[in-house]
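Take this structure first; my questions come after.
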Amino acid sequence: MSAVEHVTCLGCGCACDDITVVVERGRLTEAQRACVLGTAWFGDGQVPQEIRIRGRAGTLERAIAEAAKVLTDAQRPLVYLAGDISCEVQRDAVAIADRLQGAIDSLAGTAGAGVLAAQRRGRAGATLGELRQRADLVVFWGVDPGARYPRYSARYAVDAVGLAAPAGRSSRRVIAVDLGEARGPADADGRVAIRPDAEVDALGTMRATVQGRVAGTNAALAPAIALVHEMTQARYVALVADAEPGPIPLDPDRAEALIALAQALNGRTRCALSTLRGGGNRSGADAVLTWQTGFPFAVDFGRGYPTYRPHAGAAERLAGGEVDAALVIGAPATLPDSVARGLAGVATVAIGPRASAAGWNPVVAVDTGVAGIHEGGTAFRMDDVPLPLRPALEGEDVRSATATVRALRERLEGGA
Amino acid sequence: MTTPARLRIAGGTVYDPAHGVDGVVRDVCIEGGGIVAELPAGAPRLDVRGMVVMPGGVDIHAHVAGSSVNHARRLLPEEHAADPAPAPRLVDGPPPRSGTGGTVPSTFATGYRYAGLGYTTAMEAAVAPLAARHAHAELDDTPLIDSGFFVLLGNDDYLLRQIAAGETARARDYAGWLLGVTRAYAIKIVNPGGVAVWKSGGAGGGRNVSGLDDAVGSSAVTPRKILETLAGAANALALPHPVHIHCNNLGQPGNAATTLESMRALAGQRAHFTHLQFHSYGGERGKGWKSAAKDVIEYVNGHAQVSVDVGQVMFGSATTVTADGPVEHLLYASSGRKWVNVDIELETGCGIVPYSYREKAAVSALQWAVGLELFLLAQDPWRVVLSTDHPNGATFLSYPELIRLLMDRAYRDDRLKAVNQKLLAGSALLDGLAREYTLGEIAIVTRAGPARLLGLSHKGHLGPGADADVTVYAPDADRAKMFAAPRYVIKGGAIVVEEGQLRRAPAGARLAVRPDYDVAVKKDVRRFFDDYATVAFENYGAEP
Amino acid sequence: MKINGVAIEDTFAEAFTMRVARLLITGQTLGWAKEAAVKLTGFATSVIGCKCEAGIERELPDGETPDGRPGVSVLFLTMDKASLPEQLIVRVGQTVLTCPTTACFDGLPDAPDRLPVGKALRVFGDGFQASKVIGGKRYWRIPVMEGEFLIEETFGMLKGVGGGNFLILARDADAALAAAEAAVAAMTGAPGVILPFPGGVVRSGSKVGSKRYSNMIATTNDAFDPTLKAVTQSQLPEVVNSVLEIVLDGTDGPSIEAAMRAGIRAACRPGVLTITAGNYGGKLGPHHFYLRKILG
Amino acid sequence: MSDAVTLTLATQPTHTLVADCIAADRFAGLGATAIAALPVVHGGRPATLGEFFRVRGERASVVRIEGDCTRIDGIGTGMVEGELMIDGSVGRDLGLAMSGGRIDVRGNAGANAGGAPAGAARGMTGGEIVVRGSVGDEAGARMRRGLLVVTGDGGRGMGKGMIAGTVVLFGNAGPGTGRFLKRGSIVALGEVERPATFRYACTYRPPHVALLLRYLGSRCRLDVAAAQVTGRYERYSGDLAELGKGELLRWVGA
């Protein structure tokens, strides 16, 4: 039995790095301090080790050769960065898309509306630890982090002791904004109900109020106005919203309205908008694509250089028949439905954890380990803080995604 | 041609100020990536007769990699779309990569474009320790330049606590530990104390500091104490580059007084004051700006331990990106442009606002003039480095144009006529500064000087033992043209630019320090981490 | 030369180059448009005392105005370039901006010289004004208590002609007035021309300077004053007992000529003895309108 | 030199065709061969305009396009002057960031007509776009100056974040119309649902609307009712979360 401490969990965007992983006889038996999502994400560390070429078992060498052929034969290849891969793998993947003059998109595109809004307005934000240090008022805007980001409150925004919050939870006031079904945390100190269809109007009215203008005279907006008065009285407001899509489609203006409100509040007090992002190192994909291409998602190398087509991400391209081969790197299980559905109709190469179990039929599937469990590297927390990965099962005869993707890259670069 | 292991760069007119060589026709010999005194007669030759030979350029202060730079990139898709950078055609080595430009180019494009200007070393000037790992990853993807970064200190809560407690030695050891664990090159201070105040929240006056003796939380902590502590630490740790200071009150009218006070506070110690142009204004808050360049540069001229880089403003698009969060909030409020603010836990801040400097705008014209005044009134070029604080004052691509302004008085006077004169009263530039930089002086302010100030003994000169980083220019009366397109650039012995074309893009080396310090400090820092940090002590920094 | 027995003197009217602008003022009714125009062009008979000369050129049917409402066209003249915008800004601001329902458009869109009239008046909006570009022209919307005042940002300026004239020498005052009224009626609505004096007629014809008062720019034209026939060097025949003058300003010479032709013809009525014209020997003004040539 | 350049769609693209090379002023200096050689991107692959269009005429800044261009994006991108007449429907990004000239579409237009590239502060900064049909989402978004006229319905977020300029919509507006608008006018002749941050000011007869609609009737030969020209409009000021200097003018009858 052995234990690895300070392990980073990619089960959600919180990327908690205080997990102690216990390994017994090559199996992961415990992930201490991990939440439900984290426990599920670590599992027992057992991953399949298959290589399948057109449905049959094959060697890695043949798989790489076949993958290279599928991709170079394609007219319109797509590279897709799924979850559970390190930034190092993502960097090689972008190089492959550049080489193929193909399109590339990633899981980070699921929060594309927020990215686009931030590209119009910027953002008023903070790393999670700064919320912990400073926030005296935390407003959960239609989200209870307990469900999708279980340790967010405990580690970052609410419970933890901070420099300006010496008593942790009791140093802060927590407000839950309920937007219909999308409710804030149950144990909030105050609740504000806003009709979901009036959400963006409420955000606008709040911002107008911050700027000293009277906007919505609608009585339904009164609670929102009262809330913003409270926000302007705080020393440091954390405004927390979920950037990932939920069951109800979000108003496309919501992200922009949230950003603009957070920015405006900084004229009167301090405010940081914390947008919750999912796990699997999707923030890393956003960061890597940005530094290598200048664009965070939905990039197209078709012209011989990166162009940005945020309205034509992987799902739209697949649905529009604009992809004839795809390279999916990462765990197929993390794919959004819209992408997974589209992949069924094109020749794909899947490299990543449980690639052989992909719900569609890849031409080539190479199983690899999971970043952070079987191999190291870097991953980004939802707030763009980079963290090292500490694989508890490294070297346990699990194929490395890093080496596999590098081999494919070298093959493509050498062969063209 | 492929790059031979040995090469004689033959017959050029050499400018190697570190060795007192000022325009002498001689050969430069390269072997195995370094400069050597001589080569056998039969060694391969590169005939550069009639051309100007200098060491590779060294950028002492630019924002090219890391989390704030990447926030800026993400913010500017419109610039990237407008400035595509197709992959260059390379002859060997790593395969070429495409990218995008604009004021904040993608990483590969950054490396290619620096080399295309004859620069072979660049320092990223502000990295939050928390994001050091990110900065290294980006620098790994930035070919052709040897690079390192300055790590941000001076608003970090651990340090402020040590200052409050009078623990100067522990503060020094902490700095030593942090430099090592983040694999940084030097200590950077941005708006000492001001960012911490900005982050502490609340309304009213508590949004920044305005003077060297303002209290930062505790009255024992002031910008002055922060400067003294960190300047002392850098010197005590024997760092190759002294503390690198972005003063309080950046961009404010009347800030020259603060700048001079900061310099005096550190009198007798080595210290580097960066983007001095942004800190050399007279006038008064609310009553307008004027130039105070003369006063500031006069002090620099008289104090040999002070070094500066200018942070010249050039007309056109820029992106302001800095750890100085409160300044960016002001700029956002006044410009109405998009704005990024990121408070970085326990350490520092980050603010970004895209900006344009316009000839017809009075403040832009003043900033342009102040920068030129600093250059032209500086008496010791070894301590006044050429920079634009890329991409804050302008992008590094404007260096050739800046060089022309320094070397060509007629051109400069002509440009001066076209700018808004409203705030230029009292500017020495308006009185007609006759000085024209020589090629030798340009070689100092773009290479030899910054290399010396950085303590990079193997950079910025062409003597034996130096890295074989050499730039060859075809002379042109239009100095902007000459410096924009070197004929040859040799990086670590590899010919990376041939006949003006980028041909190779080897990876650059990382420049980092690992100072000695009393490791006992780690225990205390760990305790602080356990109490407050969201990243485990063990996961902090950038060590593999 | 005689028309209807009226002698046409062989002389010429001498006129000056002035700067001219044309304003189209519309309103909910023609009445309101005219009301604004009358106030705008009030006290604008002569540059000697009014700094400008102005008048209503003609009424515009609905189809001819930019906004499709009834309106009038106004010509506005000054001696120099600088005073035209000055006069327009102060007068439009006080008379058109203030008048219910009106809007104000430029009537010389092709003139390259542009006067920033709306641009200057916009600040009455105290920051609430807004501009709008329609069909390549910029308009300012100035909020007023009634609603909005719409005015074009700039107005064209051309070189025009000021001081075209003719004199009606009649047997008695009644005949002179009747002839003048007939002349004005014939000239009203002539394109490119206005008659700046009251009812289009001026009785106080003037000469340059004074014989007695050094500070006077112009004094009575004693050579044509019937009551002074005995004490000055009169130019009036014995039978003439009253003289009236018609003064014309316009956008160009041909417009003035056409209007003079119509006016003089109409003035040649019983009781009128001679039509003549005022000049300064041809040395002061570049425009010379020879009566016989016009009528010939 | 011809009076006009005519592009006839000969090969219907099988994927989205990004043809941001089509701008009237760009053709003024090009011969027919050069026009045909202009780069386009077909489903992510570089191609040329001539692979899809037959080109007649050359060196003219009056351009006619014949055929159904629903799958063609980016027509009129960055246009500075000239006239572009499209005899059918077009895809997204029509007149993207154009600064002058006229675009007249006898059909529908996709999303972001007259809009801005991602991240850019400004959409169209001048010129006129007339769509004689409906438009997709965010038409006229971040417009800085100019005129966008739509005779059919507007999509979601029409005129979103406008900085100035004018949008005239004859049909019905989608949700979020005018949100984040700083200055400028949205003239809605059909139904419109206004954001709560637009506040009612008054009902009046705006003189500039009369002028504008008359202009559209005469210059663009649009069917404008007299009751619309001289009619009454409700004025809503907004977006009050932004500068609040803009307006939404809703026609309420004669």
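Order as written gives the chain letters A, B, C and D; numbering starts at 1 within each chain.
Keep this in mind: a contact is a pair of C-beta atoms (placed from the backbone, for glycine too) under 8 Å apart; a residue touches a chain by one contact, two chains touch by 3 or more.
Note that the coordinates shown come from a computational prediction; the quantities given were computed from them, not determined experimentally.
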| item | value |
| --- | --- |
| Relative to chain A, chain with the most remote C-alpha centre | C |
| Contact-richer chain pair [C-D vs B-D] | C-D |
| Interchain centroid distance [CA atoms averaged], chain A/chain C, Å | 76 |
| Distance from chain D to chain B - Cα centre to Cα centre, in angstrom | 45 |
| Centre-to-centre distance between chain B and chain A (centres being mean Cα positions), rounded to whole Å | 33 |
| Touching two or more other chains - residues of chain B | 75-77, 79, 81, 338 |
| Junction residues of chain A - those touching two or more other chains | 119-120, 303-304, 307-308 |
| Chain-to-chain touches, reported pairwise for every pair that qualifies | A-B, A-D, B-D, C-D |
| Of all residues in chain B, those that touch chain A in their complex | 65, 67, 70-71, 73-77, 79-81, 84-87, 95, 97-100, 102, 104-108, 130-131, 133-134, 137-138, 141, 157, 198-203, 329, 332-333, 338-346, 352-353, 531-536, 538-539, 544 |
| Chain D - residues contacting chain C, complex | 145-147, 166, 183, 185, 202, 204-208, 210-212, 214-215, 219, 229-230, 245, 247 |
| Partner chain A, residues of chain D touching it in the complex | 14-16, 39, 41, 43-46, 92, 111-112, 118-119, 121, 137, 142, 156-157, 160-161, 176, 179-180, 195-197, 199, 238-241, 244 |
| Sites on chain C touched by chain D in the complex | 66-69, 103, 128, 130, 132-135, 139, 141, 147-150 |
| Interface residues, chain D side, partner chain B - complex | 116-121 |
